[in-house]
Structure formats: C-alpha cells, structure tokens
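Note that the chains are named A, B, C and D in the order they appear, and that numbering of residues resets to 1 at the start of each chain.
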Amino acid sequence: MDDFGRRLLQRLVRRTPAQALKATLGKWERLTVAQRQSVDFTQPKVAVMEQLVAIFEENGWTVKHITELEMINYMENANRGMWHAFQMTDPKDDANAVEMMQFKEQFKSHLSELVRHVSVKIKKHTDEALWIRIAWGDSYSPPNHLKPTYVVHHLQTPYVFVTSLNSKQKPFLVQALILSTGYQGIKDANLSGQKLTAIRDLLMKQYQQIFPSKYNSPLTEKNETVSNPHIEREQSEHASKRLQMACEAFGDGIVPQLQTAVYKLETKFRGDANTNRTMTKREGPFRCLVKFASTNLLESFRECASSGIASTPVSPLLSSITLKGRNYFVVTENGLPSSQT
Amino acid sequence: MKVGDLSVYIDMSLLKPFSKLPALNAATILLVEREERFQQNLADALVGDTTVTVNVRLAKSLPLPMDNEESRPRIDLVVFIINLTSELSLKSAEASLKYLDPGYFLGKVCFLATNARNTSVPTERLDAMRKLAASLHCPLLFAEDQTPDGVNSATERLLTVLKVAAGLVPTATALYLSSLTRCTIPPDIDQPSFE
Amino acid sequence: MAEMLHLSVTSGSDSSALSDQSASSRVGNRSLRVAEKERRKNEAEDPFVAALKYFSDVEAGTPVVGNDDFENNLVLVEKVAYSRGLHPEAISIMLEFAMSLRMGTTPCVRILKCLIPASVVPQEAVVRAWVWLTVGKIPTSTQILFIKWVLTVFDMIDGKDHLRAVYGFIFSFVTDENLSPFICHVLYLLTRKESVRVFRVRKLLELQLKLGRQPYLLHLLSLYKVFCPELVTLSIPSRLRSGFKNHNNPWKSALSAVQKRNGCQVPSSTSLLFTNKDKTASRKRKHRHLELPALRSVTIQMDQTASSSISSNSRMVVPLVQVHSFAELLENIHRIELPAQMGSLLGSSLALQYLDCVQDESALLRLNFWLGFALHEEFLFCGDGASQTSEEALLFLNKLLSTQHFLQEGFFSSEAFLYKFLNFWDGSLFRPQILDLLSNIPVVPSTKIGQLLFEPLMQLFFTSSLFFKCGLMECLNSMLLKWLTWHSVYALEDDLDISLNSHTSINMTLSGFKDSVMKLIHFVGRLASVGLQLEGCHSVLLSFILDFYETVCDTFLKYGLPLVVVPPPGVFYPALMATDPVSVDRLAYIMHRYKVNLMSAKTQEKVTEAFYISRQTIREFNHYMVVMVNCLWNSKMFHPGMGVQLGEELLLRSNVAQHWRSFDLIHHPAFLSYAVDFHQRCWPARRDMDLNSIKLAKPWSWYLEYLYSQGYDGLKQIVPAH
Amino acid sequence: MEGASSKGVLSHLSHLEVVTRSRKCEAQQPGRVAELKAKAAALVKQRDQLKAQIQIQQNLQKLRKSMNKHSNEEEEEMDEDSENSQLLRLMARHSHLRDLLDAHHLIGGYDVIKTSQGKGMCVSLATAYEGVYLDTYNLELDLKPKLRIRRHNIPPFIPLNQLAEQSNMEANIKPFLHLLSQHLNAFAGRKQQLKLVKENHKSIEVMESNVLCSILVLMLTVPRQKTAVLCTLDYTDQTRCLPTNARFESEDKELLNSPDWKKHCSLLKDTPLHKALTTMKTIGSIM
C-alpha cells in the first residue's frame, strides 16, 4: 500500500474511537471473520494501525477500499463536522418518479462532465437515504481523498444535506443535483448543525409535533405533580397551558438536537433618546447578531417556555425555528424573520 | 429573549385573610415563587408536620385564579420565595404584592430569600429586598435551598410562623410575632473584613 | 468514600511523621531516596525512559505530521503520566521539550495536558519554562495553559525561592491583558513583603485605570496593602468578589486519580516533600476554593498536621527555646513568611502562644486578613451553594474555634464576618460552630450592639425552633460569662479606663462596659419572657434561661462588676409556677444569690461609693421574694398585693377549695407528688389522705426537711427564719 | 475549658433536633399506609363502575337492535322498569349519534377545531388501510388574512404546496383536504402493504424501495428451476395504493411470456401487493 493510503488509513483510525472502528470493520463485508478477530482494539491506536495496514497489504487493497471503509464509518457515526441543509425548488413532474439507479448514474455522469477529476461513491443507507462521497480534484490534480464532501439525500424529498463543501465546488454539486433529481432550483435552507439526524428530522418532520386538539392531550396528565392531597397547585392549568404551547412550538418528546440559532438583526435602534443618544441618533440600520447556543437548543427553549422563564405564547422569532425549519434568520425592520420558505 | 409571565387574569380580586372561616386544627400556607422550584420541596416538607394538618397552596404569582376560589381554604400565611440571584424573582414578587388585602400585612406575609450568600448577588438587590420587607413590616427569612438541612430548617421556621398566624398558638397573635420578627434595614457594616 | 479512606491514610502517615519529626524526617528522606533509586533501576530498561530520551535529544525542526516514533513515544509518556504520574526528571524533560517548541507549537498543548506530577515539580524546570515563555513564539492560549498548569501544581513545586528570584520577571507579564489574570494569581501566591515595591504598585494602579477595577488586580493590591499599607492608598471594597478561579480543569481528574494512587503507595514522599510554606500556601489557596480536589491530599495533611506545620519549624526552634529567650523565637516567627504562613498559625498552639505574647500588630493584621478573606470566600460569597455542607468548611470552623478558645478571645475579622453572616443566616447552617463563634466576640459598644447583634438575633430567635432558642440562650450565656471573666481579668483597680482587647486599641470605660452588659441582659430577658410565652413555658428552654440568670445574679460577687439586674416577671413567674420542682428550686437558689449579692453590695455602698443600686431594683427584688415566700410557704397565693391578682368572684367561680393554698409547697404542681409521698411515709396507717395535715407545725418542718433531703437546697436557702 | 463544653451542648442540641425530626418522619409511616388503603379502595370502586358500564353497554346493544326493529315489539319489551328504560333509551340514542359521527369521519368528514380565538384552525387527517387505522397527520391553518398553511407534520415527499395550488385551497378548502387525504391514505396504504410483504413473505427479497413507496423492486424466485424474477412496480399515481405499472424481468423469457405470468401482471395491478403475492404463491408460480 502506498504512502498516501497509509496516511488516509491512519487518519481514519486516529479520529475514530476504538469501539466505533471495530463496529465499522464489522459492517464492512470485505474482512474475513478471522481477520476481524485478529485485530486487537485495546492496544494503542498506533499498533491497531499497523495491524490494519498489514491486512490491507496482504489483500492488496488500495485507496478505493479505504474510502469505502471511511464512508461506512461516516454513515455509522454521522454526527461529525458541520452539516448544511439545501432545499431544491420547483420540481418537474417526473421529480417524484426518480429512482435510485437512474439517479446514481445521472449524478455521476453529470458531475464528471462538470469536473475533470472527481471520484464519486454512492451508497444507500438503511433508512432509504442516499449517501454520496465526493473527492474533488481539478483539471490538474487527482481527487483529494483527504477532504471529501459528503452529501445525504432522500429521493423524492427536496432536501439535501451536505458537509465539508467549499464554495469553489458548490456550483458543480448544485448543478449535478438539480439535473439528476428533476428539480429546477436549489437554495440554502439556512439550517446547519453538527448532528445530521437533527437537521434531517427537523426538515423531514420526523419528530413528535403537538397540535391543538379538542381532546385533552396526554401533556396535561404528564404535567400533574400532585404528591399529596394537602398540596394544591393554583394556576396548574396555566402551567399545563404553558407546556402545551411550548410543545406546540418546539415539539414533544425527544426534539431534534440543534446546537445554535442565529438572528441577524438589521433594524432601527429603539430606546429612549436621553439614555443612549449615540445609538438613537445614528441613521441606517442597527446591526447586531444574536446567537443562542446550547447542547440541545430546542429542548432548552421548550423548558424555558414551559417553566415560564420565557414568555408564552412563544415569540414567533423562536417558534419559526421549527416552523420554517431553519436556525439562521435575518430580522429586518418589519420585525419578523424574512421568510424565503 | 423576551421574559415575563404573560398569563393574563381577567379578574383582579384581592386575596382576603378573613373572608373565610378557619378549619379546625388546620393551617393553610400559600407559597408564591416565580421559578416554582423550591416551593415543591418546601411543600412536601411542610405537609410532613404531624401536629397540625397543613394545607399548602402553590402559586407562581398573584392574583390567584378565580375558578378555584371556593375550593380554596382560608390562607393564613403568604410566603414569597425570592431567589436573589434573579432580578425577575424579586420583581414578580413585588408585582404580586398588590393583590393582597392590606389585612395580610398585619403579620400574615413573610419573605423567604434563597441564594443570599451567592457570589452573583449584587448588593443593590439585597438592599432592595430588605427595604421591601422592612417597608411592609414583614419578616425576611433566609434559606439554604440547596441542602436538605436547609430545607428542613426553612420548613420549621415557616411552620413556627404559620402556626401563630393561623391562631394555633394560644399565647400569641400574628401581629404580635411580626412585631418581634419584622425585618429591619441593617447598617452597612463597611469595614472591609480583611484589612 | 475513596477520599475519606485516603484522608485516613494520609492522616496516619502524618501522625507517624508527627510523633518524632526529626527522626521521621531523616527516615522519610532516606526511604524516599531509596524509593527513587529503586524507580531508576527498574526504569533502566523501561521503554518509557527511552521515550524520555527521545524527547530530551530530538533535534529542533523535526516534522510532527506523520512522524510515527514521535507519536509512539508521546503515547507512551501519556500512558505513564495518566497512570502513575511523571517523576520530576520526566516533568522537566517534557516541559523543556514543549516550551522550547523544538517541534513547533503543535505538540505543546498535548504535552502540557499530560504533565501530571507523581511527586513534585522541580522548580528549576518551571523557571526555565517561564524564560521560554518570552523566547519562543508560543500562542497566547498555550501560554495561558502553561500558567494554569503552574497554578494547579503550585503546591507541588519543590521550592519557591528561585521562582521568587524571578518575581520581577514574572511581574513583567502583568501588562499582557490576556495573561494578567493568571499572572496576578501566580504573583499573589509568590508575593512576600520585600517583593512589594512602589513601581509595582504604580504599575498595577495604571493597569486598573486601563482595565477597570478587575478583581484579580484588587486582590493583588489588597495583599500588597497588607504588606505595605503605606504604599497602597486605595480603599479595597468590602464585598470583594472571589478574584481567582481555580484553573485545574484539564488536570483535575487525572491529578486526583494519580494522587490517590500515590497517596497510598508512597505517603512519605508526598507528606515530607512539602515544606512548611507549601502546605500553608496550599491551605490558603484551598480556602479560596474548597472544591479543589486535586490538592486535597496536600491540604488535608495540612489540616491534620496543624501542629506539624509548626513542628517543622519547631524543629529549628525548639533547641533555641532551651537556650535562648523568646526574642529568638520572635525572629523565627518573622522569618516565616506572611500571609501564606497565617493559615498554619491557626492550628499551632506554639505559634499562637508567641503571637499572643508578642504584641505584634502587623502579624495579627495579616492573620486577620487571611482569616477574614477565607471566611468571606467560604461562607458569604460561595458559588452556587457548592461548599455549604463541605467537610473542609466544618474542619476549618472547628479549628478556628479551638484556636479562639485557646487564645480565649475572638479575632476581629471573625467578629466582622459574624455581623455580616447573621444577616444571611438561616439559623441552621453550621449552627453549633456559628453560635460558638458568636459567644467568643469581644464586648460590643452599647451604641452598636442593638443593630449588630440584637436585631438579627431577634428575628432568628422568634422564627426558629425550640432547639435554636435553647442554643442561642446557651450562646448568650457563655458570651456574658466571657465578657464578665474578661472584665474581671483586665479591669484595673482604678476602674476608669480599660483596654477592651489585648491587641486592639479600642478603649472602653467601665460605664460603657456596664451599659453593654446591661443591654445584653435586658435583651436576653426579653427573649426569655417572650420565648417562654411562645413555647408554652417549655421546661428545657426554662432551664437554659435559668442558667443565664445563674450567671446574672452573681455579677457582683463573682466578677466584681457593680451591677445587679433582676429577672423580668416573664421569667420569674413561669419559673415559679413551673411544673418541675427543679426549676422552682433553681429559681429559689437564684433569688438567694441575688439576695447575697445585694447585701454585700449594700455593705460596699456603706464603705465606698462603689456603686449605687437603684431603689427600683431593690423594690423589685423584695417584691419577688415576698411573692415567692408567700406563695410557697405561707400559702397566700392571690392575696392582694401579690404579683398575680385575680378577681374574687372569678376565683369563686373556679370553685377550687382554698385556692390560696393551691401553690404552696404542698399543693404546688411541682411538689404535689412529694407531698403525697411524704404523707404516705408519715401516716402509713391513714386510709384517707389529708394533705393539709402536713401544714401543721411539726409535720411541716419534717416535710421541709424531707424536701431538702431530696436535694432541693435552693429552697433551703431562702426558707424564712421562723 | 468551658468553650469546649459549651460547644458540646450546642452540637448536642442540634443532634436532638435531628432526632426529633426523624421521629416525625416515622410518625408519618402509618399515614402512608392509610393513603395506600384509600387508593386501593378507590381502585376497587372504579372497577365496579366499569363493570356496571359494561353491563349497560350490553343492554344498549340489545335495545338498539330492537329500536331498529319494529316499534311494536319494542313496546312490550320496554314496559317493565320504565324509568330505567327511559334512561337507557336516551343513552342508546347518544351512542347511536356517536356512531353516526364516526361514520362521518370515515366517509371523509374531518376533525377540525378552532385555534387562537378563531383566527386559525387545526385539521387532523387520519389514515387507514383495510380497516386498520394508521398514522394521523395534522395541518394548522391560518384563516386571516388569507387561508394558508401555517404548520403541519406531513412528510416532505407529499407535495403539499403543489396540492394546495392545484386545488386552489384559498378559494375552497374541502377539495384540497380531500386530495390531500387521498395522497396520505394512498401513501399509508402502500407503506402498509410493503410492511406486510416484508413480514409475511420472507422468501421474497425487497431489492429497492423509497420513502414515498412509489417504486418497488422485488426479487421473486420460481420454485423448481430456481430462476430469479425481478418484479418492478411503480405507483405513478400517488393517490392510489395500487401500481400503475408492473413488469417482470428474467433470463428465461418464455417463462414471462407464459399466460399465467401475464395474469400475474394484471393481478398485481389490481389487487393489493401482499394479497397478490399470496395468490401467486398458492398457485405455485413463486416460492
């Protein structure tokens, strides 16, 4: 195996924890059981690395196979790097009829037309998702497998999730996608996060939403904390109402795990003139950036709202995270987030 | 983030201390806390008292909703739990005060402050807290809500006040006790403690 | 659990170290050396050694990327570091390698993170690293990381003298805005008197102008001020936030783990390697943030070997004691540097003794600075209720208490702390300790006593449980006792002017003192009467109250304070009507003592115009006596002119036969049982019991005898002479 | 050293306080027991009520049968214990009405409720296949200023906005809802079919499918000669849960040209997939 292959493999080994690595190798059909058992994951990475290299060499495997391995590994633990969502617009009539095989070959052909050196790998994940690994090169250099772009797309849906794509390559990818999915336009969905699952669930509505209904929802029962006949909660219905509102705004149960929400304000500064005259005097929009960050943003918002720390009904600025499925907003003078959905 | 409890009440009725008859050998305490955290523990501890039956009503703020007006027993003591690390907590308590009948301020209101020894408590807020309590002639108790012992002692102190306020102690009245325990604004002892 | 176990282990080791310092130290050193040699030997063929070698002589500019043997070696070192910790040489090698940027900045962070010392950190290495800090182009974040590391392992650096030598050099970093918080912390730990200079103070003040009143600057300045008040003129705010956070996050867990392991393996190596100043330094820092577990092993030793801290300098002192006078010892005390030393003074009786007899203002000031600071940090500005129940806090308070009991006076810093703390107290947190501390406070001027003490105590007393009430009574009683004792000790013959506190220059006239005492007594009287009323004359509370009055009634004879204050009716009558005979008897005894005091006071009055007892007092006393005698002996309860007046018809309606008798020694609820018992013994034959027959002359005297024989001497004292 | 002694007293007092407190807790235990007893009693009571209800329900069934029958026999049934029968008749009416309501749902009535004081409404569309209720989807709509979809939990591969346009929702919502529920039901149906196939026909391998379940490729095997037949179904009309086109691929062409395989093709087109497969199995053309 050439030196580049070594580096690729080494990087893969180093940045994945031993157990995950083990699992990945398990998923990978190429290894025989004996080979799989031979690798001892308790020893330090370096040694593991050596063993793997040995195995690869005796089977004469090359970069191609390593990328395969890497891809599987990425598919298994996808919550790495920064994922960005794109939304394709105005579909043609046949958009819904696209099926995998044709998409595969179309995408590959389109992309290779656009870019000279590019290596594309497409795999279908268990959840019907198409995983695309693109190693970009350009007309002079061969595909760079060290920083590949990953694209995840569910056929028949307008959404595409992309990670580690640089602006130079974006137009190519976009075009190839449009051409091979039968849509006519594509735009940034203004949603990004470290967890692929989170942004996918948010856009594909794969989390539990709560809607107003005439039957009293299970939420109210959940909210009941009557521990003793002598303890009475006045305003308990207010609490349950708050909870209902909070859940309507941010979802119930396990919500998509977003980390950030960013609001770019371009509004006129309001405030009494005498306190900060400098701010009120200046003409032109008052720019500032508000950023909420948390390990699980929606959950914390929901908690805030239900516990009454935040006001209910929830401010549209916050509720539009789930409503519009985005976590980057530009708030202009009219107050509400400018919606391009 | 916009903050403030927006739950709007249509009926702005005062809470009155003597509008109802007392129950036999029972006392009712109303715990008002914006965060609704500490009140639950306190309530559990309060009802544990075996000598009298203690009813606890929990509220986030005043006024109380009209619809459980009739189910509500006569409230003998109103306790405002204030988390000194949050300005909001104090503000909401202040706002709630105006829904109390003046009668309550004759010894049937008391403030319970938590986190007083926390680093992040500005002196101003502490002073404001004391001024408020002093101006209303109410006792201001401090509690350690973090530790079980703290909760227990807070409970017992509230019970001590409650029993008197509910007229269960034959030799004392609420007004009498409050005249002994009411908060006073202490002098700012401003000799730096290390110098 | 693990910690407790660990604690016991270390303490064991300490006690051994304590038993015979000089010997054990020698032994310890030897054993240590042996251990060290051992380690060397079996590490000779160790790959770890090879790894270290690699790092010590890898030439500069070697690439890191794809460099496998670098990777391997580093992995090896890391493994050792996280399991056993690195021995001194290893530390110096790795530190040198990292800071010299021989292989660029990339490995720097990774190495710094794994610098977990097994025993100590050679200060030379640290000094060199400081130097590198200026030479190489180390990114700021890494620089900060290094300083954090220094702060974390500060107590493990085997000496501070060289570091102090480069104090000025370190100080020069202070101007760097990113570093200055951490630098200030380091300086704070290194500062001693001679390192405080005008230009440094000026520099710091400049910085303060530039950056605003940053807590870390304030802290350093306040320390400077303690050393040289004349140089630092700015006023330090009283509510000073805790300036220095602990920065041990990257090393915390690993360090504690390693220390646990080594703590049991080679306790001697840890316990003895820490010289006096290290321990105290650590103690001081510890009390800035108790939650610092990494240093606990160190600090706990500190706690147990409170006296070993002195012992280690008593090692050099003790011979001097035999030879020379206190002058030598004084020097030694001064050689011990302040205020880092102060922590250990608390624990060590020797040091305290010196401190006590040395009228050294500055030493006390420094001790108080440290103490006040520690108390403040721990109990008034704790972060998020972390340290509320912490064992260390308790240990600390108890140590402080024992110290104060030893000195038989409170530190004024602890006094100031108490006045603040009472206003935030929930009445249960550290109750025994706080009350005990409170009982130690010196006499408070009568003008301030009300607001400082009485108001907060009133609120607490009346809202708290019976047990608190009793506790406070006890506390106030012992407070009074101490005041009186102290008065009897320090009062000069011509009682014009007496110095209040052996060390502070606050003076107080006798009348002033009398006022304070009087106020205290009246205050307690109020608490007592209302307390009894609220608690339904609970007999336990009553007994604590009577304790107090046993002290009060003897102020003149026992403590030579010309003052007599009789109890209020709210105390007298509940005691008189108490259902338990003991209380009644004690009341009798107390009244007796009052009598004696008043008598002697009278005679005094004749001789010298010592003091003038108000007729009012005497009238009250006489009234009480009359009531008592009439009620118990003459069975003239409810007679006109008695304390308790009741309408005639009301008494009739109560249809109690011979109601006037109902509180005499026979019918008094407290003594009824005795009366019955006596009756049976006296007339065993009688079927029908007639208690009144005891009232007859002969049986009455027998009955009284019987009562006295039951141990009720108090009654005997005031029995009217027939 | 009275200091120590006093400390002793103080700490002893605190100790006593703790003891008394714990005593209180013990005192509570019986209270707890009583609580549990009460709870048990309540539960028993509830059970009895439920039993009674079952009884009543059975009566009602009888009654309603009789109501549907001629009135005259009903009379003589009913004249015993009339006040009870009065009640029963009312209840019968009530349950009858409820059934009507359910029927209304089934034939395409919608669960609609007002939200935010009439400024909006919330529609919930239940999907069902072969009498089995499947997922329910919700739509929250704004009525003012103009009718528009505010919030929903309908998967993105259902072209909601398109449907809204082509059935111009703003003008009249009913056709839109109808169309939508058609789509949803069809989707649910297809999904269910696929699920059933996966469950019941282990021998058949699902080669490909997609989230919309609009394309399905199955690997069938002919029993004896073990020839693999690739069956591709596509459901271009997404309002139906039957394929618009079904075709087979295999190496031996004459097999596919055989009449019964032709039949299979049409069979697949107009019977639900899992049923079709079972029949094919029973015939014995696949295993």
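In the analysis below, a residue touches a chain if its C-beta (ideal position, glycine included) is under 8 Å from a C-beta of that chain, and two chains touch if they have at least 3 such contacts.
A quick note: this is a predicted structure, and the numbers were derived from the prediction, not measured.
Colleague: Quick check: more C-beta contact pairs at B-D or at C-D?
Modeller: So, comparing the two chain pairs, more contacts are at C-D.
Colleague: Going by C-alpha centres, which chain is most central here?
Modeller: B
Colleague: Can you work out the whole-Å distance between the CA centroids of chain A and chain B?
Modeller: Between these chains, centre-to-centre, one finds 47 Å.
Colleague: Taking each chain's centre as the mean position of its Cα atoms, how many Å separate chain C from chain D?
Modeller: About 68 Å separates the centre of chain C from that of chain D.
Colleague: In whole angstrom, how far does the Cα centroid of chain A sit from the Cα centroid of chain C?
Modeller: 56
Colleague: For chain B, give me the residues that contact two or more of the other chains.
Modeller: 152
Colleague: What residues in chain A touch two or more of the other chains?
Modeller: Answer for chain A, listing residues that touch two or more other chains: there are none.
Colleague: If a residue has to touch 2 or more other chains to count, which residues of chain D qualify?
Modeller: none
Colleague: Considering the complex alone, what residue numbers of chain B touch chain C?
Modeller: Result: residues 115-120, 123, 139-147, 149-150, 152-154, 156-157, 160-161, 164, 169, 171-172, 177, 180-184, 186-187, 189-195 of chain B touch chain C.
Colleague: State the interface residues of chain C toward chain D in the complex, per the touch definition above.
Modeller: 401, 404-405, 408, 428, 431-432, 435-436, 439-440, 465, 467, 470-471, 474-475, 478, 481
Colleague: Enumerate the contact residues on chain B facing chain D in the complex.
Modeller: Residues in contact with chain D: 48-50, 152.
Colleague: Residue numbers of chain C touching chain A in their complex, please.
Modeller: Within the complex, chain C contacts chain A at residues 66, 68, 71-72, 75, 79.
Colleague: List the residues on chain A that touch chain C in their complex, please.
Modeller: Chain A residues touching chain C: 7, 10, 44-46.
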